[in-house]
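What follows are several structures.
Below, chain A partners chain B and then partners chain C, in two separate complexes.
Let's look at the complex of A and B:
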């Protein structure tokens, strides 16, 4: 069915938004972990979403050429943020000056990212539902 | 029902029921020339394949092996649309057949 292309477009958007939610959840989950003495610490992640061309078989019919038809592709990378050092002399993981290193996760930013990704996911589902409704309505022709 | 319209509707069936995510047994233009029964059975097998794919997806979802939920839902919607199309084609064909059978000679 030629609606499958519209579904694939919406599915690509949903994939990208799900990656954003996953990364935000991961950052939030690791927000309060402390750097261990061997230097192991959590590095906050960011999602780089870009648009890349894809090959569909029936683009011409839709009036889209391959240069126009690009789908979101996500790339997860460690963000270049400094760790947050907090003075906690009682912490067993504190260094000689009594500081512990927390990852530089901004909880408010992560929450906003998550909400934005959630809404975009819903938007993709709305687009898919519109396509589906159109397909079902087309099947009503003459019925 | 106009015979030409029915033919046009039937001609739509194989192309429209083409599989989306899992390409299974695509119906080419040559097989349309193979006759009405060939066309119907091809369309049926395509829809059946899509329903089987949905069934496999649901089994994987139930066992917790599904990669992502929305892909399963989208495949289910696609198979549902194919089945709806099949039902519509069947309705039209049966209607035409009954019209012919009721014809007074």
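Let's look at the complex of A and C:
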């Protein structure tokens, strides 16, 4: 049995969780960004995780048995959240009524997302360590 | 090879090792896809296929190689009650993974013991 697939699965899982941490950090870092370089408002990002089948060429090699194995794939999209308007008449970026539109970053949600991604990342590492232990144990057969 | 050396033990343990390593893949995929939308958890069916062999052993018979002809570990979608509304439960998966790793090591111990019995026979009982 081929162990490299187990490692690839866990690596894909860690990649997806790292994307979630990255996006949460980016949202937190831009919580008070009024404008991006292109003059638009910063829109908080959200991660969509979907599971997609392993690449077709690999499936042919592995046979039908592992055709059900799917890897997580992440898609980063702008979230449709209302901006947070703050009354700052002295701000040069304020509109005619004196309001500045800050991005609607929810700090609590971002922190919770980051913690959950961190725990999932640890679970993936544990899975990878278990695979490694098993692969090394298999070398002990007959010894 | 003769029946004694190429014993059914080797093939059964080999199949069980295959099942354990495939189960490790299924659990790794479940953990990796824990946050993916619309993911159906996977499981490996193997032990249920050994029902015939177990019955033969209970009747005091011998385990023969042809009982294992159609036995092969297979990946299936897990739609049982342990997976709650299609969501992966990380703690359950971690527990399954630990159990699977221990079982794998037990199977390897068994295989090693089998080979050491053979080696003892080959060496006239000398170590």
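Assume the second predicted complex is superposed on the first by the 124 of 143 C-alpha atoms of A that agree within 3 Å, B and C clash if a C-alpha of one lies under 4 Å from a C-alpha of the other, contacts with A are read in each partner's own complex, and residues count from 1 in each chain.
Here, a contact is a pair of C-beta atoms (placed from the backbone, for glycine too) under 8 Å apart; a residue touches a chain by one contact, two chains touch by 3 or more.
None of the values given here were measured: they were computed from a predicted structure.
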Could you tell me if A:3 is touching chain B, chain C, both of them or neither one (first, second, both, neither)?
-> both
**Message:** Taking the superposition on A as described, I'd like to know which of chain B and chain C A:143 touches: first, second, both or neither.
**Reply:** both
**Request:** Kindly classify A:127 by the partners it touches after superposition: chain B alone (first), chain C alone (second), both, or neither?
**Result:** second
(Q) Looking at A:31, would you say it contacts chain B, chain C, both, or neither? Reply first, second, both or neither. (A) neither
Between chain B and chain C, the one with more contact residues on chain A is chain C
- Message: In the overlaid three-chain picture, which partner chain does A:45 touch, first (chain B) or second (chain C), both, or neither?
- Response: neither
Both chain B and chain C touch chain A at residues 1, 3, 10, 14, 128, 142-143
Listed in rising order, the residues of chain B that touch chain A in the complex are 16-21, 68, 70-71, 74, 77-78, 81-82, 84-85, 88, 91-92
In the complex, chain A touches chain B at residues 1-4, 7-8, 10-11, 14-15, 18, 125, 128, 132, 135-136, 139, 142-143
The answer for chain A against chain C in the complex is residues 1, 3, 5-6, 9-10, 12-14, 16-17, 20, 48-51, 65-66, 68-73, 116-117, 119-120, 123-124, 126-128, 130-131, 133-134, 137-138, 140-143
Given the complex, residues on chain C that touch chain A span 17-18, 20-22, 24-29, 31-39, 42, 74-77, 90, 93-94, 97-98, 100-101, 104-105, 108, 111-112, 115
